[in-house]
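Before I ask anything, let me first share the structure, which is written out below as structure tokens.
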């Protein structure tokens, strides 16, 4: 079935009951505080790219645990005045690649930080350069079950925290406007962006806008029930081997701390989502689970919008997203 | 077998005996002359993109038969002096898409014309807008066998001619340097670029550089013998249905006029190729058939280089190509 | 899911709300009138086949735009008296092939016209010989989106009209009985036969019987929602690339003029359908959308029957259809 | 690799050393003698088909062990004089289907016996009606390893013998010319036809012509080395489970009695083969193994010809075969 | 959809209306009586395995029709007192393999009879040695449609009866406790174990426990509607070819005598099932159809339990089953 | 091609020129010395399994870096005298699973240590429990490229060292005979066993026998050239993204320290290999590269044998291996 998930009208109302840890906010505020206590200021090194209209810095900033995380910072060559910034997190398996792959935001006069993903960077594109110094529990090759026994140990706690620290980092760079930082990303990057915006709202440091596309890492439990694709399928594979109900309970408990559908309830920044109705990697109901929850705990009306691509699989809107995002950015971060 | 074609040492010497029509040059010089006799000057219309560092024109130029062909012309916003130009042809099934998908050359201070592909533009990316007003013979859905009965009617005669006329067009645009026009493309675009550079050399209008990546449309006969992938497989499918030796002879005769391995013999421009050793769409031996033939009929030593990607399938070098091409361009068109 | 569509009881009642153009009848009556104004009488040339019990003519008749369309006319060698005729349209990608592939109707004493499909004929079987002299808009290789911008330009307007003109043609051939012409076909041929019978009823020239098998080209919108197979998937692919709601509206508007579920409402001939419940190419609900609509606008009770194959995919009833169709023909055209 | 087997020039010379049992002829002459000692004359029952130009008999003849084997006998309705006959054996998994599926030979004035395949008839087409009363050894579902422990017990001994007895049967039917019986078939039917013609030559009852298409059941050992497709792959699967060299020796010994490359050496009838160079089910080298061996033991020059389809997989020449076969039949059986 | 069948809550209540033959019990009591009238006592031959802690006998016992069926009997080397016994039937296509593949039960002090499957044993594992001396009707290669025309002739009548006779056999072996015989198996073996326990209850010879895992051979009709995988798909394939409603009626009638969902109603032994919610070979609803029916006709409360594996496909619980089964066995057979 | 690698005769002579680091022995002797300097004695805890004929200990021993590695030690319940021991390493992605999955060696009177694989244990079987506390470089999810930048950091340095330390551990367990320790494993476990035996020979602590089956981790460079399957394909994927020749040089340098074809040259223990000729995961030429090199640097004739499975893919000999290995063990460790 091409549009295999719920019909659009039901998706728009979809508000599932997701297992929610009582100490979610405490977990994350502590995590952020600990991370901010480590590492120095970001280090920028100008890169020779052959490009004449943009300048690129090779950034190293302290992520989770103070671990060094790489990023590209791409800016227009002839900017004046502090620039708005878009912090981008990346899709599963990818890395920051080469600088000239990231020119769109700079061409629009916006600074663009492309954050490398720790331990990934080998599956597609042009590679990454950031290792993950933390070891892993027994599990499935991949990142969904790395540290699955405890939310403190889980890979995605580190990934999300790296994203928070990336925002912290750009807010310290001269020439960038700390009040106009947006976060974006596709798939894993979209899930990261949901988490980073939400966690930053928890600690009172809202971003100017969150712009996730076809976000991953939301409503894990439904995902494994309706699709068998990867990466959600790594959870399935893990549980298909460890057939112990206690293990299953541990898995769902750990993931509940990382679930975008839980985190999004705390988000207070204006959000522009996108979703694809034929997406068998990040099924639309899991995306709506985060979108419909966005800001629910804030006690306020949070501005949000979701663009729907009825005929796309996980590629979603691709290049059609940039004009929408640029307009959103100019509305909410100018 | 991962590296399924000939070993690299044999590829480097591979010089197959390709069926060569006696009137190849006449066919193409006549084709170009007829095309140049049609159509008006290219029309440029400035496009609002939201981008601040580049300017984009929506170009309509007369292609084969004077038919209107669309293109984007992307230039740095603050250029002075005539710019070098890269004319790009596109991969099978794609279209020119959206302007902000084409920023790399402009970010390097180079004007960039992205030519739409007639009748294509639906398979990937963001679409195209150029129809093909010429009908088609009975055949396989797709473009390999459209007009297969006669080289004059074949789709790729029109596609190549559109490319020649795209070069003609940019040479007429104020602010662009007609002496520094390079052609490039990937796959079908790479095959187009081989053909356009070769045909322009036949008529004495050499481009400054040809930079094909993993080019398609070369040594058709070997291609169908060693791979069954599409688009070469459209020929196989056509011949699997029309099991008449006379039809087969017609097919090979028609394609001989369009074969990059024949056309490349006439090329006189410095060429930078790339090839991938695990490419099952455009097998390495077919790429080397064109590369090794490059300039063979010119009676001169033509500068050429081929970059080899041993572990890639048809995606080839991707973003790793740009720095190489930029250096080549600066050497040969500056 | 093997029987993946609605349960049979729901299929039998399935009457969806399909977008219906107000000027549907006018569109088609004008189309037929224009086509009938072009072209000459059909030309028959006797073919040497080595067969002794049937005679075969190579027919060329004027189709849409007066364009020459090929067909085989196969008749028993020893017939006397005017014969009933079955006009057959073909499945997607096929052509009329070789004469001896079409002997069943003639063996039953019925004349059989096998109409070639313009521009197709390369995907399976033994080939076709009819080109399509009309060019195509930018789109997906294949026929679903060729001319998608306007119903007047769409490929299937021409295909349906060719079928109407094929019926016109056989009605002019001496020895054939113009009052006993039936239309049939499988898949695309079945969709064509739905359309041809319906359009001929619009213009008052009912065929004696319509006998579509697993018809394609009906209820396009549902088709792309529930299956991702080709050829319906060409529409999906087109819309997955052109992600503009205005484009989507254009697509559905154009297709509404060609939708069997709309056309069938005007059909007044007795119809024998067949459907397969595991058909993932032409899903059963799309077939029932046409079948249940058959004759709805005629204000009369139109005779119809549908044979159900519960365990078949798109191959449907295959050879089991002929005895059923022969009986139907003898009932309704004798 | 599309043309994955040996190059055509090597195929034409391919003469492998196949394991050959010393008592091959004795095995088969005894088998035929035993079979001929069982069963009565064939029984014909006229079938009502609705067809007017042909008549069809439902034939039951005694096959191996005298077991009843079904067939259709299709003849022109208005024949006079004894007719030449084509006996056809069928492809793997198929059955005789419905009578109106077999009209081509009758339309050419030739009687056509379509032999059902014992125990098969369920995989494609319209079914079969002949069981196999003999049980089976432990093995792989399918027919390649049924009775693999002993050539006397093997399924294909029975299948080949059924074919011999089918020829015997038609030679007893009034109105058919016993001197003008040809055998044909595709794939398994082609392999059967190689075997039947060869065995009949061993016993001095040559058929007038053998016309196998893309024959299966030849040079088993090479087949399993170069393809992993079914049905040859059933042997691979069997040996992958029974990893005992003694079992392997038994397998090759049993199959050596059934190998078309061995049997063909004894054939004395004029043979028209066909082969497809992209055939991954019956690889071309296995076909040439039989073709090149054809008649080698007869001490005479046996007329033979092979038609090559370079761009086809196992479907081979399909409808293109009939005109060639009809011409061959008229040359060698008239 | 990963969990593609009904939700768990519905599965637990799932009680479909399965076609039930009036003479089901008579059919089976007669079958058992006839089988018991044939064949001699089981023959045991000690096997040299190199193992020191277990002893293995090569068992030959009379199955259906008195046909010899092979089995391994594996026992601890140092047992004293009569041992409980587990009789195991095997999955589709497999055979008893090698003795040292069956050590788990013996290591727990339980005798273990591994019954070979007649005519199978070639698809996976290490092979089997038991042929099936009964021939087969025309059908699909495989066992689902072998003898499909009549329940008396169907392959699974013989397979189930072999299982009944295996229980009979171990009850005759000195040193084994006839009152403590359990049956088990996975997939086909699980379906066999459902049938054997049920049939033995019909004839008053209850086993001590039935322990089927992911059982096959239950609720055939739903199976072919919701999955297209093999082996259930062999039925689909058969009916896709024989498109005659009378054939379909025959198929469902025959299978109704073999349907675990019918047989289980008569079972009176304590049963431990397992099911996997992502099982696309034996869909969970078909397993629950047997489980929920278990003992329904006995007029008593029959002890039963089903373990659910939510994240597994057809592999189900695998090694996690043994501890559960051992505990069940010790509870119900000690 | 089913037997896609070199013909058997060439495999038997295959002695490729593999890049060999000058300091290979020093690298490993240092590695072993460092590992032996960490960690305490193995800890054994008796496990309740319900089994009566074997006893099982849950072992924790210090691996690389002194990191705790889990294992099962399975022994016959009634053994007397020191037992020979088989240390088994496991296939890619697996873990030690459940104790009752490992009964074969104990049933033969041999102690069996099943070593868990650090950081794996999630892909198949019943899971593992050993994490890998070391982080990873940017790369491909999986283990082939974890730490690829430096042989000291590579995952397989740790895995091999764990195996060495497992042998060290069993040599300290009372009741086990330190002079009769053999190593075995399939695939990754086979590669591990090649490495462990070779490294132990380097440091003068030969094992009594090495019995690798279809070993992985040998002649990496050829593997990626001839197969594109995983896990070797992780290297391909890594290099397909990082298209820098310097990266490629680093990769091959790192892997040269881990290559079974290099390590095996130093092995001095009698070795029983197995290989499968249709193995597309661990191609036969890579297995022969290790086998043919076995002992080459020892200056002595090292006893070795290789069993060939011509019709198997990567499953190889499976249960057919145990009798061969048991005999080898009894010959070389008794």
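The letters A, B, C, D, E and F name the chains in turn, as written, and every chain counts its residues from 1.
The definition used in the following text is that a residue touches a chain if its C-beta (ideal position, glycine included) is under 8 Å from a C-beta of that chain, and two chains touch if they have at least 3 such contacts.
Since this is a predicted model, take the numbers as computed values, not measurements.
Hopping across touching chains, the smallest step count from subunit A to subunit D is 2. Number of steps on the shortest path from subunit A to subunit E, with steps defined by chain touch: 1. Checking A-E, B-C or E-F against A-C, more than half of the residue-numbered contact pairs recur only at A-E.
Ranking B-D and B-C by contacting C-beta pairs places B-C first. Subunit B maps onto subunit E through a rotation of 180 degrees [Cα fit, steps of 5, range 0 to 180]. In terms of their C-alpha centroids, the spacing between subunit A and subunit B amounts to 38 Å. Computed centre separation for the pair subunit B/subunit F is 50 angstrom, with centres defined by C-alpha atoms.
For subunit F, residues touching at least two other chains, in rising order: 125-126, 243, 320. Chain contacts here follow an irregular pattern that is not a line, a ring, a star or a complete set. According to the touch criterion at the top of this document, the contacting chain pairs are A-B, A-C, A-E, A-F, B-C, B-D, B-F, C-D, C-E, D-E, D-F, E-F.
Per the touch definition, subunit F reaches subunit E in the complex via residues 49-54, 76-78, 97-98, 100-101, 103-104, 106-109, 125-126, 318-320, 322-323, 326-327.
Taken together, the subunit A residues at the contact with subunit E in this complex read 4, 224-228, 233, 236, 239-240, 243-244, 248. Interface residues of subunit F, counted against subunit D in their complex, comprise 1-3, 278, 309-313, 315, 317, 320. Residue ranges of subunit E in contact with subunit D, taken from their complex: 93, 95, 116, 118-143, 145, 234, 237-238, 241-243.
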